[in-house]
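Several structures are given next for inspection.
Below are two complexes that have chain A in common, paired first with chain B and then with chain C.
Coming up: the complex of A and B.
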């Protein structure tokens, strides 16, 4: 089922959580609502589910006006951040809940319910846990049961609020992969909320970047990463060095950015490069992050390279002098228009700041 | 060397722990002694006094018509008070725990009023409202409705005094649980009743039972508020505590203690149920 959101706004008291949001989600899409906390992404998700009422605008499911439909009528599956499993019910009863509360006319028989529940338990690979209680399960298992429960009512839209937020890194990685698979198998329109850019880029077909209640950019993971439309998107979607040009009279401050992996470090001077001193080296698995201090301005910035590149130029140690070439400086002007500067004179006056 | 070191160490441990041990047993003795003097001894006194003229007299005191009528009235009062306060307690706790609204803190404070004021004042408030000199007195008299010095007054006063028990027990439980499970139930297609009976109620049932037990104990044992509104009409508007008072004032000690022993038994039963519920809740 496709979802269209037209000019939707929602305020909590004086706090404007969602501002004039427009969004078109085609059937079967896998969408990430990505943004920092307070950006309105969870509110937008809850508005789609009907868990919050909107102040203005409209929500359409396949071009049918759903704005004032009840939660029940929307037939969405919602997975809560903390799973919200029914503590006093077994896993089996949790999953069966949505079928058991149906009015008698549409309620499946006991056997049909049992069949459906077992099928779902197999789908989430936890059929051996049917008679346990939620408190006896690990976080990752609870998350899968929460998903199975939401799928039991055969929703046409699946909504997940920070689905992996409460899990440790390894389980999170496994579940991302697994959720992708489930989506491929069922091909049900899925929207999930996350503040983790890696998660959004890795899982989603479409990434919706939100900030301050507004949508900053909509696009494929590649688009939003490669062609960010605003400074916010650029800096939110990855590590970034921020450079501020000293303010001049009558002009607004120009901020330019460069990603750490777009900085090339050499031991000998070549072309336009800046002399910098290594102040820290972090080896994080397969990547190496090097913190440097510019000799001209004294500011810190960060460069990133693979472990192979690092080993090829080694030995590098704290206090070494390196030449840094800034390959792809990005500048956003006041209209958020982007300019790529491969090689620019700007940089001599740049004041850098590490984010 | 090794051996000497360990013995030294053991000695150290002993000396440092001795004062702690002394404190521990001192505190336990004080606590038990206090409870013994103020609770166990009186309890034994009640039963020994009640039974000291023989078992026949004990039962005679309980089965004479006025006593039976007092027992009946107490049971009736509890039978009406408990469902009413359970219902309103759940509603109030629900409203406070699950919704945000203006004046929430005022509502919580209002709920605590029966705990804060003397029951005698509570009784007087009802006399002022419904008594013949009271605000609604003329209206009630014109319509031939008798509240004060009658059973309705006793029930009203009891409801007032015991109102906070259920709310106070439920509120923290419901606040802690939040609304996510209920929201999950709704997104899965449950209607309001299904959500309440299948999700909310099972989550609060032990807390609710605990509140009901305490509410019942107080409803049956309430003296002050009921005393003001009842009018002490023998066989008509006397509850068990009022009946005990009357018997005592008439120097009919054996009968007074016999009837009082009923309340003491009720207290013991309440304690047993209470520990059972607590044990059940912890197991959860």
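Coming up: the complex of A and C.
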């Protein structure tokens, strides 16, 4: 089912949580709502589910006005951040809940319910846990059950609020792949909320970047990463060094950005480079991050390279002097238009900040 | 025998605090009750049996237990309702209503009894309307139930209120997204969560009602075989200097109350155990 959101706004008291959001989600899409906390992503998800009422605008499911439909009528599956599994029911009863509460006319028979529940338990690969209680399950298992429960009512839209937020890194990684697989198998429109850019880029077909209640950019993971439309998107997706030019009279501050992997470090001066001192070296698996301090301004910045590049460079240690060449500097002007300054424009007056 | 590596505790001094607990319980509860049992043994077993099975006494057991049960049951329903209103709704004067709930605790029970008798008497404010449709309230078991409901109300409200307050709305939202209607959400999600608390409130209100004297004696009219409660019989025996007889009746009541409370607590423990979460 396709979802269209037209000019939707929602305020909590004086706080404007969602401002004039427009969004078009085609049927079967896998969408990530990505943004920092307080960006309105969860509120938008809850508006789609009908868990919050909107102040203005409209929500359409397949061009049918769903703005004022009740939660029940929307037929969405919602997975809560803390799973919200019913503590006093077994896993089986949790999953069967959505089927058991149906009015008698549309309610499946006991055997049909059992069959459906077992099928879902197999889908989430936890069929051996049917008679346990939620308190006896691990976080990852609870997450799967929460999803199975949401799928039991055969929703046409699946909504997930920070689905992997409370899990440890390894389980999170497993569940990401698993959720993608489930989506491919069932092909229902899926929207999930996350503050983790890696999760959004890795899983989604479409990434919606939100900030301060507004949509900053909509695009494929590649688009939002490679062609960010605003300074916010650029700096939110991936690590970045920020450079501020000191304000001059009558001009607004210009901020330029560079990603750590776009900085080339050499031992000898070559071209337009900046002399810097190594202040820290972090080896994180296959990548190496080197923190440097510019000699001219004393500011810190970060460069990144692969472990191979690092090993090819003759040994570097803390306190060494390196020459840094900035390959791709990005500047956003006041209209948020992007300018790429390849290998040029580095003035000594640039101040830098690691963000 | 003892475990060398002691488990870390937030407050040290288990021995001291346990000792204090036992002394305190002994002085306040166990010793007086033991004396009661001792007093009851000063008469022979035959005499004891005769005292506690006298028809007038048996009638009073029945009356006390059944009025107490009904009163606690009514409180379990309406106390839960009041707790619900106090937790789920915002309205003008909520704090006052919240404070009003505790009033039956603060009021001397005799005062409550006299006030209730006055308004429920056949010519009283409310009693006259019941009288006109042929229902007698004061001086009947119904009057006793009203007095017992009055004094037991705070127990249920105060047991259920905090549990309801802590209940995460997420569960209700989850049930709603799965297609449950309001009634189903209440019956299948909210009620199981607050049931142990309702049970606790019920047990407390019931226990309190079994021993209540002050507020009941005025409204009941104290007619033998009809509206005579057990505590009244005990007082009557005391006034006749029949201390052993009074103790005998008290012992029966005590044992019965203890068994009942124990069963309710056990039931409550069993239901709570199931819901325990991480």
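Everything below uses one rule, namely that the second predicted complex is superposed on the first by the 353 of 355 C-alpha atoms of A that agree within 3 Å, B and C clash if a C-alpha of one lies under 4 Å from a C-alpha of the other, contacts with A are read in each partner's own complex, and residues count from 1 in each chain.
Basically, contacts are C-beta pairs under 8 Å (C-beta built on N, C-alpha and C of every residue); 3 or more make two chains touch, one makes a residue touch a chain.
Fair warning: this is a prediction, and the values are worked out from it, not measured in the lab.
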Overlay on chain A: chain C relative to chain B, clash or fit: clash
Chain B versus chain C as contact partner of A:88, first or second or both or neither: both
Contacts of A:51 with chain B and chain C, given as first, second, both or neither: both
Partner chain in contact with A:133 - chain B first, chain C second, else both or neither: second
Contacts of A:78 with chain B and chain C, given as first, second, both or neither: both
Chain B versus chain C as contact partner of A:267, first or second or both or neither: neither
A:149 touches, of chain B and chain C: first, second, both or neither? both
First, second, both or neither for A:102, with chain B first and chain C second: both
Overlap of chain C and chain B interfaces on chain A (superposed complexes): 49, 51, 71-72, 76-78, 80, 82, 84, 86-88, 97-98, 101-102, 149-150, 152-153
Footprint of chain C on chain A - complex, ascending: 49, 51, 71-72, 76-78, 80, 82, 84, 86-88, 97-98, 101-102, 133-135, 149-150, 152-153
Touching residues on chain A, where the partner in the complex is chain B: 49, 51, 71-72, 76-78, 80, 82, 84-88, 97-98, 101-102, 149-150, 152-153
Contacting residues of chain B [partner chain A, same complex]: 180-181, 183-191, 194, 198-199, 202-203
Residues of chain C defined as touching chain A within the complex: 168, 170-171, 173-181, 184, 188-189, 192-193, 274-278
